[in-house]
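Please go over the structures that come below.
After this come two complexes, each holding chain A, first together with chain B and then together with chain C.
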Partner chain A sequence: MHALIQAIILGILTGGVYALMASGQTLIFGIMKVVNLAQGALVVLGAYLTYTLFTTLGIDPFVSILITTPLLFLVGIGLQWALLRPLHGEDVAQLSLLVTFAIALAIEGALSFAYGATLTNVQPTYANYSWTVFGYQISLVRFVAFLLSIVMLGVLYFILQRTKFGRSVRATVQNPMSAQLLGVNANRVSALGFGLGAATAAAAGSVFGMLNSFNPGSHYDLISRLLTIVVLGGLGSIGGSVVAALIMGVASSLVSALASPIWSDFTFFIVLLLVLLLRPRGLFGAKTRGAL
Partner chain B sequence: MQLRIHTPEVRRSRRLLTVVGAVLATSLALAGCTATTTSKSATKAPLTIGVSLSLTGDFSDSGKAAQRGYALWVSETNKAGGVLGRKVELKVVDDASSPDQVVTNYTNLITQSKVNIVMGPFSSLLTVPASRVASRYHYSFIEPAGGGPAVFAQKLTNLFFVQPAPTTSGGDVFADYILSLPKSKRPKTAAYAKLDDPFAAPIAANIQKRFEAAGIKTVYDQTYPAETADMTPIVAGIAAANPDVVVGGTQEGDAFAQMKAMIQQKFNPKWLFEANGANSPGDFPAAVGTSNTNGVFSSADWYADSQVAGSKAFIAAYLAKYGGTVQQIDPTSAEAYSAGMLLQEVAKKTGKVDNATIIKTLHSGTWPTLVGNLSWDQYGAPKGAYLLIQWIDNTLTTVYPASKAQAKPIAPKPNWAG
Partner chain C sequence: MAAKNSTPELILQISEVTAGYGAGLILKGVNLDVARGEIICLIGPNGAGKSTVLKTVSGLLRPRSGAVMFRGENISALTSRERLSRGVVHVPQDRSLFPAMTVWENVAMGAFILSDQALLRRRLAEVAELFPIVAKRRSASAGSLSGGEQKQVELARSLMLDPALILLDEPSIGLDPRARSSVFASISKLAEDGRTVLLVEQNARSGLAVAHRAAVLEAGVVALTGTGQELLNDPEVARLYLGASARGPAETLAKSV
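Moving on, here comes the complex of A and B:
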């Protein structure tokens, strides 16, 4: 029983971090109908930026989010403007897959050149600290990361629901043509949306770097998890991606601790398969698409 | 008696034959001269060594470490007069960590560049196809970084792995140490967390076999896939089983993750052995925190405080050439350097450095290198054992076998510093 509850705690905390990464992924899809294969690479880029700020300037990884987030926001806008905006025609969805994959490879190559392929991680003094609560261990970094994810998702929710930009985004998601007719600048919304998605990757990257060893190739595993989460949650649904990330975190943790780590990810894919058989749009796809 | 009539045609033919004969004779004489010249200059010609290394791709860090080791040996050897008076020239080509490219590279090195000697790439994945090429052309293949079972299963007699034992025997020395303890002081229960990898899992599996035979009960035994980034659920399972000894069949990243998860979950076994990762003098303290390294066991062939003869000179030369700190020297550099040392030893002993001599000579005797005294079975598998090392006061220290130990092993393991 102890192992079961401990696994659930770990799963929820880990799922929170994945929720943050996946929220950016699903936001970009919601606005642009682009499956961003570079989201994992942007997370890794965020982790390396945090690592550099920490090792060279001694900036705390959580504090560094204040620097990396706006930085990757601008990078995201730049990428959308330079590489995705010029895509036109009926093949945009397929072409954007190739373009975002190319971005991922370019980021990986640049990071390999700058940092090498050796695994590294961000190791502040509190990285391994944990609290004992009723006999259960709660890692400080995971807990703060979980809180941070909630705060970031809250900010994202606020932006989308309470700002003019958010209304433009939601209008674009619901009906791009009508939104443009009503004066919404689709290019601007897309660029800012991509920037926002990249910004969430930066925040998640800072946490990811403290929780895991990483190298430039770590994005392959990340992107496969993120895609699975957003498909399970329903492409374009932020709420869905949060729920799916928590399901993935808890399912993986439970199966890994109580059965076998070999079956951990496989179990999640079985859940995904079952959900898609019953609800092809994912858990929240049909209901909330358009509302984000 | 036959009348011999010399018609003009016959005379012309004879003149032609005479001219052809003269040309042939001159050619032969010249060829002889050339041969003599070649054989004379061969003694002065540089000794060319070809190596394919992963300078890009997944293995690039280790590939570059091997390159530094080879290059250092070449420069040190040339400073000392070369091999049998011949200057050594190293030709390194990049295989981009690709098993296909490595085949092309060694074929080109042998047939196009016509190097005198080839030496090994990084990793068993590349060593297997590379050694086949070398074998096909009857080249010796001294290789510092391919010790997986697939390498020796090829049954090649031209191959020599420059580490003390096959990679999968890396944990045998830990089993030796534990089983050398009086029965009352041995662990009673054990947990095994193994990475699903042909080099990592067998190390733990070999230890498990011996522990179980000695009555040490297995209370946790799981294999995890390579993509497992988060080890906390696994460590939660281990902590619930509460074993005396934990054996990690690990590579580097998962070893760090295992230990971080143990620290976070405040689970401290009496003995902790990590097959790889904990033997990395620079990366390991950086990953888990220097104060958390105390008491962790691993195995190694070469490390910064190694007491093997020549190690200190190697370190001094390395730092002079490349800078950095001693803790940043990758053992792969020492292994590649040792590959060169073997060549020099063969030359000293036999006065020759041709491939047939190298193969024949290395198959007998024991050979001193930075990674210990090496000898091999007929298929190039080393017959020695790794050293058991333990982190004591922030330093990797040899603790077993007793004959080579710098200190006694610390057990039970001190608590994590947090």
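Moving on, here comes the complex of A and C:
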């Protein structure tokens, strides 16, 4: 029983970070109808930026979020502007998918060139600190990472629900033609939306680097987990992707505790298969799809 | 009637407009003059290009050649947003609300390009008075409304910028007779308030009845214009009401009616 609850706590804390990554991906999907295959690579890029800021300048990994997030926001805007925006014609969706994959490979290549393929991680002095609450271990880094993800999700929610830019995003997601007819600039929404998606990857990446060992190839594993989460969440619903991330976090942590850590990775693929077979529109079905 | 004025001020002039999607041309030299304050109804068979005409006026589609003049200015190359700010509003044919937003949010989106919040609130109040549904169902999500209710909200939203020209694409489609007559009543009221309405209507009998003037679009050109009454009495047009056209499937439909 103790091990079970410990695993659930760990799963929820980890799931929160995945929720942040997945919400950015869902946002991009909602706006552009493109699954961003570069989301995992952007997370790894964020992790390496944090690593460099920490090892060369001694900047605390949590503090470095203040640098990595705006930086990747701009990178995201640049990528959309340079590589996705010029795409035209009937197969824009397929082409965009390929372009996001190409972006992932390019980031992987650049990181391999700069850092090599050895696994690293970001180890601040408090990396192994943990509290014991009612007999349960809670790691400081995981706890703060979870809180931070919740705060970032709150910021994202606020932007989408309460700002004019957020209204233009939701309008574009729900009815692109009407949005254009009411004066919403679709290119601007796409660029800023891609930037926001990349920004969530950066924030998640900074903490990812403290929680996991990583190398430039880590994005393959990450993107397959993220795909499972966004599909389970119903593609296009941010709330759905958050719930799905928590479910997957808990599920894989339970499998790891009760069976073996080796099986924990498989949890994602098994869930992905089951969802695609049984509930292809995700947990929350068609109703919330594309509504954000 | 407005069209009978000796010196009608032309608010919209579509001249020799060609346009299309991809390779082919859909509009093959459309000419249409619209006087200020009139309701002009565009009818024609499915696929004639009626919606395409509206798109070239609102900026969803750029004409390949020809000109769209609004109040004497060539707006052919302007973006939708620029045309909107000049007073051209387009209510498209398909369901055009944002289904997961509330009714109130939807109507407010009609003034997206306004930055003056006080003006926005004033317009919201005015529009809610004209269309009671806006206040009555303000917190309902737009997707949960019936088709007729949605159409009222769409019309309400289109007035948020106090436009001079409203392009309405088949506003009565899919509505029951009561909802339909309420939509046509709203359209008449728009013109009484001095607005100009370019109406595309499949339901030609009602469309022509409410219109001051009308035009028939066939295969990408304006084949006929006249007052609403003239077109109602035209035998050729009568054939069109029934959906008959040069196209095969429509022909058989006409015979079966």
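Operating definition for what follows: the second predicted complex is superposed on the first by the 270 of 292 C-alpha atoms of A that agree within 3 Å, B and C clash if a C-alpha of one lies under 4 Å from a C-alpha of the other, contacts with A are read in each partner's own complex, and residues count from 1 in each chain.
Criterion: contacts are C-beta pairs under 8 Å (C-beta built on N, C-alpha and C of every residue); 3 or more make two chains touch, one makes a residue touch a chain.
All figures in this text were calculated on a predicted structure; none of them were measured in a lab.
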{"item": "Contacts of A:6 with chain B and chain C, given as first, second, both or neither", "value": "first"}
{"item": "Touching partner for A:170 - first (chain B), second (chain C), both, neither", "value": "second"}
{"item": "Touched partner set for A:127, first chain B, second chain C, both or neither", "value": "first"}
{"item": "Partner chain(s) touched by A:180 [first = chain B, second = chain C, both, neither]", "value": "second"}
{"item": "Partner chain in contact with A:82 - chain B first, chain C second, else both or neither", "value": "neither"}
{"item": "Superposition-derived comparison: chain B or chain C, residues of chain A touched", "value": "B"}
{"item": "First (chain B), second (chain C), both or neither touched by A:102", "value": "neither"}
{"item": "Chain B-touching residues of chain A, taken from the complex the two chains share", "value": "2-3, 6-7, 10-11, 14, 112, 116-121, 123, 125, 127-130, 132, 137, 139, 211-213, 215, 217-218, 221, 252-254, 256-258, 260-262, 264-265"}
{"item": "Contact set on chain C toward chain A in their complex", "value": "58, 60, 80-81, 84-85, 89-90, 92, 94, 96-101, 105, 109-110, 112-113, 157"}
{"item": "In the complex, chain B residues that touch chain A", "value": "56-61, 196, 222-225, 227-230, 232-234, 236-237, 240, 252-253, 256-257, 260, 263-266, 283, 286-289, 292, 416, 418"}
{"item": "Residues of chain A defined as touching chain C within the complex", "value": "164, 167-168, 170-171, 174-175, 177-185, 288, 291-292"}
